[in-house]
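When the chains are written out, they are named A, B, C and D in that same order, and each has its own residue count from 1.
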Amino acid sequence: MSETKKLQIALYWGAACGGCDVAVLDTDAFILDVAALADIRLWPIAVDGKYADIEALADGELDVAFFNGAVRNSENEHIARLLRQKSRILVAFGSCAHLGGIPGLANFFTRDEIIRTAYLDNPSIEPGNRTVPTPETRVNGHTLDIPKFYQRVFPLEAVVPVDYFLPGCPPAPDQVRAAILAIATGNLPARGSVVGASERAVCEDCKREKSEKKIGRFYRPWEIIQDPTKCLLEQGIVCLGPATRSGCGVRCPNTGQGCRGCYGPLPGVVDQGAKVISSLASVIDSRDPEEIERILDGIPDFTAIAYRFGLPASLLQRRIRA
Amino acid sequence: MQSCKIGVYICQCGTNIAKMVDCEALVAFAETLPEVALAKTYKYMCSNPGQDMIVQDIQANGLDRVVVAACSPRMHERTFRNALQVAGLNPYFFEMANIREHCSWVHDDPVAATQKAKALVRGAVLRVARHEALERKTVDMCPEVLVIGGGIAGLTAALDIADAGHRVHLVERQGSLGGNLARIDLTAPFLNAARDLLTERITRVTESERIDVMLHSRVVNLDGFIGNYRATVEVRDADGLPRKTEFLVGNVIVATGYQEFEASRITHYGYGKLPNVVTSFEFELMLRHGRIQMADGHLPRFVSIIHCVGSRSQEFHGYCSRVCCMTALKYAHEVRSAIPGCHVSDIYIDMHAFGKGHEDFYRRSSEVKTLFLMYRKGDRPVIRRADPGDTCDMLIEVNEQLSGETIEIPADLVVLMVGMEARSDAHEVARLVNISQDKEGWFIESHPKLDPVATTTDGVYIAGTCAAPKDIPDTVAQARASAARILAKVARGRIEVDAVYAEVDEARCSGCRICNDLCPYSAIEFDAVKKVSRVISAVCKACGACGAACPSGAIKARHFTDAQIFAQIEGVLL
Amino acid sequence: MSFEPRIVGFLCNWCSYTGADLAGTSRIHYPPNVHIIRVMCSARIDPTFVLKALAQGADGVLVCGCHPGDCHYTDGNYKAMRRFPLLKRVLDAYGLEKDRVRLEWVSASEGQRFADVVSDMTERIRPLGPCRIRPGLQADMAER
Amino acid sequence: MTRTISIDPITRLEGHGKIEIFLDDEGAVEDCYFQIPELRGFERFVVGRPLEELPRIVTRICGVCPASHHMASAKAVDACFGDECPPVAHKLRDMYYHAHYIHSHIAHFYALAAPDFVCGPDADPAIRNILGVVAKVGLEIGGRVIQARSLAQRIQAILGGRTTHLVWCLPGGVAKGLSAQELEEIKPMVKELGAFADFSLHLFRQVVLGNAQYVDLILNGPYTLDVHNMGLVDRDLAVTFYDGDVRVVDFLGREICRYPPRAYAEHVAEHVEPWSYLKFPYLKKRGWKGFTEGLDSSLYCATPLSRLNVAERMATPRAQEAREEMYATLGGRPCRALLANHWARLVEMVQNAEMLERYCADPEITSDRFRVVPSRITGEGVGIVEAMRGTLTHHYTCDENGICTSANLIVGTTNNNGPIHMVTKKVAQAMIQPGKDPDPAILNMIEMAFRAFDPCFSCATHSLPGQMPLEVQVWKGGERTWHAKRGP
């Protein structure tokens, strides 16, 4: 090739909220640099494109595809496979693609439970309704398809091989900027690595004062007025900061709320929630089984806190179905 | 992970393993496992030829990992690690699969047992592939020794160490040395005076320049690790006021002894209510005062000795206190000598006379017309006050086993042979020096047979009756053994500490400080400048609590890493 | 063939593993369903290990440590004691049957107790049938 | 033989939309379906969660308007906790929300709507995007747009700690207040945003109103629907966003109903079709009447224009002036021209900027009384806000421990599902004539219809607001006979 080829990139989504794309927009003027640096072949928020355009690409024609969102239905999976095929580098962009994200909380329920709540059992549903969406419907002699709603949510990696993971819900714009630059310059770590995040936990960047920990009581965040200078955990407010990669800019603890782990587990940790169990419980200040139970009662619904962003990527992945 | 060459050795343990586990099938199975270069089975892997086989295979075949499926690693892990070392391989490239204690000895279906053995071997193979070479560190060994307890065990150990030229700190709770032995008159079976045994030792100890005796004292804290313990002792001065003193020692001997069973717990012996029912220690006091008498000062005409008071019973202690039978015979002997014509009856369950000269002593005692009555365990004799017209103070009813009859005998004095039990404060001592107790409260040895004076804490030894009931020769032997063990280590000057400890990857530590308060040994320090936590490896005892708790995965429990345990989990789920 | 539960046992070296050894030296028979993994202290048992075993196909997980107050490492078993109820809450949220995961204190002298625990646990898991975690996850992939 | 035209996916709105057009034997449009293929199930999986976690979970319904969900959720949670939230907290939240509106409206107007008008509806699709707009208006203005959006984000970050997916509100108030120092930091930004809102209106007048062709398109294109309007109004019946009563006004301007949030279920119901995951809300008291227009219809729009249509006035003077200008130009209130939504958005932006100025001058805004510890749990609450893309309802119940026992959500764009479905068919019928091959311009026509709604199917279908690269396929007997697409 005689002239330097511009980077061919695509941004696309699965079951997502759009926050990841907003995070890219939040790089502000950097977007203009990206436009100069690369051909954005596909970015539905700002640039036209559709499935057929991806399909028309040669295999590996894209240098990088950023996939945000989880895999919730057959359409998400289809796009994921297509992008994998067309891209040299596939990046799981944001918590949902990385770990399943908040949509992954649906893995505590079955498909039927979700459908029932959405379409049958709720106070504003049409009286007497018994209709629920179905993958294939015959209407007036026509067939209408909608994607198959899977039993559960998958992270991107469960469906296709992923080269890099850019964590965060959403990824911090600075990290997005750095990651795109790293890719543009080929300055990348080994495949399979997490990029755009620290190798240390959120506490590293958290300015709150930390000391030895002993927790005699957990508080729900609204139950006490917290000290803005002290470690939240030491005040009994559940914070996943110690078990979560930094890189977010300590957004939640700085606001006065405990971290919920969107940047995912630290290197080598296979189950973020298990680490939260282990660390949090270890510092409970009691040796009496009944008192320990009482202290733990101070964290209702612990599981959905510990696995807020990572349930589909956890070891057990979902609630066991009968 | 680099690929490796694993040798797998299946021990038949004579027939202990082979009779339940198909060792050949296990070999064939092991050969199919990833990275296994060779698999063999042998009669006794722990034997010299067995170890040689490993050494030769390592050298000839370039093995770099070894799995031995045999007995418990608590038995022979050290043996095989040494073999690896001999062969020039890092000793931590070794893993044992426990197919004897956990398999062949506890299962009765050969098919299921073999299947389980395969799973255990697979776990070990997958694990060992992830083992890392670990280097042991050496630290200075402080030659001074702390001896806790000034009884015969403590005195003996202290003298041996002092005689070898090292300083000893001897801490005794009481105001005098000698312990329980000082309460005894003559010893069985050779009837040496206890006083003679003790006096010479106490004199030497108190006069020794190298032994610092602290009476009315107790150890209140012990920090550190082998070679480098810091002891804090609370000493009472002349006015009885406590003051604390601190000193460094390299090793500790725990020789805190026993306490006697509280006889009043067996209510129908009437101890504490019937004036002429006494314990063996009270009887010793009479002997030492030279007069065997009833509470009213009269000489007894009928003396009964009851064995196993508190011992060998379901309600109290299940074990035998070991010294009482011979002591009882000694009493019979002494009563007969002191009060000729006095009728002595000896009420026992079995007569335990297993020591040197004991059987002979028993035979001689039987010849002095002692009436032996055998009762059944759980069917204790009953003592009651005699009626006013009777010629004796009490009557004892015994269901006599040999005759099969219920016999009532008169008694003016009843001696209860109270057993030994762990001291009520043994628990505090155990925590202080970080050793374990068994369910009866006795301190647990490192190995009941092969390492009976060491404990699970390096540098802490046990001697005498704090570990279990024993007689004087055994106590003294243990005391001298622990002293010898310490002297051997002190002689080397430096001590190798285990390579298994936790370490913090500072590049991964966020300084969250979750771990800081978890270490029971305060081995974790926080660097306030770098804002990271750090493990002082020499202080770490490798429990792994911090590794499990570290939310960042920044703490690695060496030799028990996540990767190793995950591999083993995968492996055992065959 | 009848269902034989596969149970992974995590035992502390000083009490429970020694207790299991004692069951062996005492020739106390018990079912062969528990496969023991030795750790130095029950405090080393990261809840991840339990989840990992379940995800790998274990039908049950047994965690054993020294009796409270008797830890070789002073208070390691209290750490296990604190983590376990939280882990149980999580497993409950995942829908796991309670009997599949168990924490027991077994001392070095309790060979019989170890054998009893294994027998009891095996018999409680047997009627539950194989744990559905692993086949469930495999079915998820197939269902897509 | 029926022919099918498939437009799949409708990316620039949110990716996850699909239009199927069925032609009869003559080639006329027989049926047209707007399908939403995505469901995530938030209503189910927030059940069992502690209520205080909900505001920080539901933001992930939509990353484009997370603050809308956060605020609606916070208000529903407040209600479940007995509404003890102090006034300062409400002011801070409202202030945040105005900044959020500005950010969203800027993004929509400049990135999504402006390409049509600035570059022209017929411009090469490859440049019909924000970059094309920048190229046309110049880098200076382009830079100013990016900066204004960035300022709006910055104000949110200062107030609530985060922009996308904030975690700020909790039962009893907000987790952090506004310091005097932070207020001083915000003030110049607010000033610039005020100026920018005026500038945007000016640009609109210049580019759109100055072009007779565009005005004609707005007023006379196929983009009108005779359905009703829904929006929040304050006590003075002025436009409001964070809090108020819901008012529904028919397309002739007559009030159908006005109700407080807690009464929503008496007035709104949702119809389900098996061929879409997105429900179709309608006016409950009228019953489901199908996809029909007219005074009897039970369908309504909830858009910026609807908000202006249901309100009697704007809440601030400069916005009121802008509103009067708009209605005067478009032939009075209410207005049914869907493309007027773009203008309405700019009018709203003026009010947002003026409200920010008002809060900056409020001495109470830096008070530390931004949170109380709630004293009770009442068990049920409804929170309604105006999301940028329509009236947003969150309804929760909880147990005595404050654990969510049920949740019902009617999301902004969902309100417009029926109207969008209908306007799609309307456009298709206008563009596809018997005996004629489908005109490729159908893509643009449908795109513009959608863009008027700014449908956020992240919220509703859960994808992105954005470009709408369309693909039309005509099927005959299972074979594709015609294919048109808009691509990069």
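Methods note: a contact is a pair of C-beta atoms (placed from the backbone, for glycine too) under 8 Å apart; a residue touches a chain by one contact, two chains touch by 3 or more.
What you are looking at is a predicted structure, and each value in this text was computed from that prediction instead of being measured.
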When B-C and A-B are ranked by contacting C-beta pairs, first place goes to B-C
Length of the line joining the C-alpha centres of chain B and chain C, rounded to whole Å: 28
Which integer distance in Å separates the CA centroid of chain A from that of chain B? 55
Using CA atom averages as chain centres, what separation in Å is found between chain C and chain D? 54
Centre-to-centre distance between chain C and chain A (centres being mean Cα positions), rounded to whole Å: 32
Where in chain A do residues touch at least two different other chains? 108, 269-270, 275, 278, 282, 301, 304
Check each residue of chain D and list the ones that touch at least two other chains. none
For chain B, residues that touch 2 or more chains besides their own: 518, 545, 548-549, 562, 566
Chain contact topology (line, ring, star, complete or other): other
Please give the residue numbers of chain C that touch chain A in the complex, ascending. 46-48, 50-52, 54-55, 68, 75, 78-79, 81-83, 85-87, 89-90, 93-96, 132-133, 136-137, 140-141, 143-144
Name, in rising order, each residue of chain A that touches chain B in their complex. 199-204, 210-214, 233, 241-243, 246, 265-270, 275-276, 278-279, 282-283
So, in the complex, the side of chain A touching chain D is made of residues 12-13, 15-23, 25-26, 28-29, 31-32, 35, 40-42, 44-53, 72-73, 75, 101-103, 105-106, 108-109, 113-119, 122-127, 129, 131-134, 137, 139-142, 144, 146-147, 149, 169-170, 220-225, 228, 251-252, 254-257, 260, 300-301, 304-305, 308
Which of the residues in chain D come into contact with chain A in the complex? 2, 4, 8-9, 11-12, 14-16, 18, 20, 22, 30-31, 33, 35-41, 43-50, 52-53, 56-57, 59-64, 66, 81, 107, 111, 125-126, 128-131, 134, 142-143, 146-147, 149-150, 153, 160-168, 170-172, 175-176, 264-265, 268-277, 279, 281-282, 284, 288, 371, 373-374, 393, 395, 401-403, 406, 408, 410, 456, 458, 462-471, 485-488
Please give the residue numbers of chain A that touch chain C in the complex, ascending. 74, 77, 108, 150-152, 154, 158-159, 269-271, 273-275, 277-278, 280-282, 284, 286-287, 289, 292-293, 296, 301-304, 306, 314-321
